[in-house]
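Labels run A, B, C and D following the written order; every chain starts at residue 1.
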């Protein structure tokens, strides 16, 4: 992959809920090359506060329009500044970076687990599969949030026709509890096939740790997308590593997608 | 008129004075996707140790006001795999290659240096006597003139490459150390490595780095680096290579004014992968604009005694 | 429940651990227009020397990324005029008063301290053995354990006030210095003073400060200060007063977690004159929220060995 | 003067020319107390870049509306950020700070010298005098800029009815040369009374140095308003000093207005 730097043009900024934003960015090079799982590394402004770039998963791509989307939550100064951007502004982008999800074969199933903002890359995975004419009924998405007003894109998801399992920690909608609990129950009750099924997960570290344990236990072919502090984003600094059974791996370059059975999270 | 950006260290001639700092540019490959690496004066590798090092537990980095902390722990492939796996790529570049060497004893430095001796594709060595993240190691060499002398002398006696001694800023008087390594036969000094620093996660009541402390780099430390380069350049005869918070051409020019013959870009690579090449271009433009024949004509030209 | 913010140094009890740093708060008067000075734990005066000092030529300050440089040159009214003109105002405050003392020889420190002895309105002395802007002076005391010991011992022998030794960060090992001054009888150490730094005006090709180098302060140096406070607090028995880039309650709490018993606000006063009182308020709220009876219950409570 | 901190409310942002801006700010405490020559010290944003406050002269006050104005030129990051502010934003202000111009008696003349942005505080001095029913014909303003498109507020000035002398360095309008040269010529030709006349000047340091020399030579009763880097702005740090015949003085607290014959500029 010939990584490149590009000045993206901000096409739209949408506030999708409390502290939740979606950006649409014009960027021929990223939209042409981005695969589900890839991320971009962007500079939120020209000042030194914050100094470093911030990483965001590619959330959606419209190749014909040379544009792609990011979905993010305001958690600190960087995302705050990003949320205040205006249509027409330029954004300094590196990308697409990192590896990508390995896709299921046509006759396989896909089970996706999203915790909160983990929906960002998984949504792109779903739409890529559908674009490749993958049968929506063979895709199940487990989507967990803390409370129901944190749900995102549910209408968009429902309209794809994939199977949807919802969970909220406070029980305000769907299953009451962690999404991994619901997933575990379904697995144990054998309501989910594990053979010829590819699993995918993205979400908070605690959730991915659980997913990783479950994957080992049930020998699932499961790919998880990790986050880490990424100074360089291109594999040069060794700052973003995660422990795996094969030693430390760079999340930015060897990942962000890893085999759930191989990473050692704590 | 094309200005002359070339600089020499020992017998090695660099096409321009812009280097990329150890540990921020891997072994060169990654940034090749962003620009032609041959445009750089030289690439400096991640610190190489005798044995491969996994490095410290994550989290290894965090951001601080106008800076960042890192405690990578000298994660590297070790000298053997470096020669086998990384050097072939570097050898094919036209730019100069500087291998940065670290160790936790003089013997280790010497062993690494011996293994690197005569290997095609290496032009210089940078001896890291200053890494703040290795416990019984580097820090001692870097903060005591006698140890610094001994370490560089031992390397000098076992290598035919020109040697750059990379100095630690965590000392009371960096000039003293610079003079010691000059005496020991260093062909140049590079400064500064990172300042020892720490950050705390108030919520978790834990250090942000698993190693507790780490090295501070970036624009925050530029004033400290400039002061040290300025003081050192006035006292040593060998070239001074300046680094610490250089993010653009202006910063680079300030270091040259302060007495640096060359500069390195570290954290700046993270903020903008093209930072270093943009500086090469920027220096050229500055020389043209100011009608300087050679960039080195600017070196140390800080006006100190004029009224305005 | 009103949390207990009080802290003791020697026999002096402070109502809270928030002080304002020497040189950033004049002699107290100016900031009285912004808030009730009695809400502070204590006011620390500008460094007082034996004779009045005009200070360095302007320009004396400049801004750097997330920080600033200063080379004021210990401009102050001298001990005599301090007692006559400045102390009366301070004496009328209910808050504690710490007089910061500087000198360029041990004799000068002793003379100043003798003149301050027994003066009403003074509660403690802070001995600045660390000012980077005085040439033959402070810097030596601050970077050599023996000198630091001698200086503090001499002051100790000539004063009945509790003594805080203010340490320089421009050293290889601050803990060594802290242990020396503890041994000499200091009742507390405060750290850090400013880091030596420099800035250059590229346009004019001149240093931005007339004194060429100056002291770096502000958020940029917070990681360095935190690391030094953390290391020192683990080794000395006397209270550690932390400062360096404290701008808000969070920063203050981080220093306390790292082991500081008290904190000082320096550059933060410039950014927000109410910075220090806001921190007093913030500490109170934090204690209430976290159900801490005493702020000191948090001191040094950084978790180092837990997995997450 | 009881200095105070206040959150001002931005009422308007006007672009008056290349890099020239005027802000109108709602601030009861400043607008009530500000005298000509005073300044305010403001924080351009909440981040640490830039870290320190920036000083600006009070340029105009509308007491009834509880508002005042600043006039400034974009010269660096601080003024850049300020110029991008939007109506309705809050601004963290300290002020009014510093001393003020001592006003002429009713039967005296007032001669003002403004170089470039030096017009900012002098304009407020003029309007204060006029409000106090000072005869406009007893006020002369020498206003110098580099080239004519840098002139500011000329219509406003002309409509006050005061005497106006213009100079441009490139001769594109009015006298060709430095405003201090024109002033010096007028003085030497005795077209300006020096007895019972108060002189006021504000502008770049080089200009003020000239004014200071002229004032000494002609023994003018002249007040000049200085600038300096001001870390604290309230007299506490000794960072902003200027050399005078009486030793170093703090520009923020002992000034910014000084007797031109006493300051030693270089």
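Some points to look at:
In the analysis below, a residue touches a chain if its C-beta (ideal position, glycine included) is under 8 Å from a C-beta of that chain, and two chains touch if they have at least 3 such contacts.
Since the model is a prediction, treat every value here as computed from it, not as a measurement.
In terms of the stated touch criterion, the partners common to chain B and chain C are A, D, listed by label. Common neighbours of chain B and chain D under the contact definition above: A, C. Of all chain pairs in this entry, the one linked by the most C-beta contacts is B-C.
Chain A and chain C have CA centres that are 47 Å apart. Averaged Cα coordinates give chain A a centre that lies 36 Å from the centre of chain B.
In whole angstrom, the spacing between the mean C-alpha positions of chain A and chain D is 55. In chain B, the residues that reach two or more other chains under the touch definition are 65-67, 218-219, 308. Within chain A, residues 48-49 each touch two or more of the remaining chains. Contacts between chains leave no pair untouched here, as each chain touches all the others.
Interface residues of chain C, counted against chain B in their complex, comprise 64-67, 69, 143-144, 170-173, 195-200, 202, 204-207, 212-213, 216, 218-224, 226-227, 230, 245, 250, 253-254, 257-258, 301-304, 306. Partner chain C is touched in their complex by these residues of chain D: 1-5, 43, 48-53, 92, 94, 228-229, 231-243, 247-248, 253. Touching chain B in their complex are the following residues of chain D: 48-49, 266. Remark: chain D residues 47-49, 77 touch chain A in the complex.
Those residues of chain B that touch chain D in the shared complex are 65-66, 307-308.
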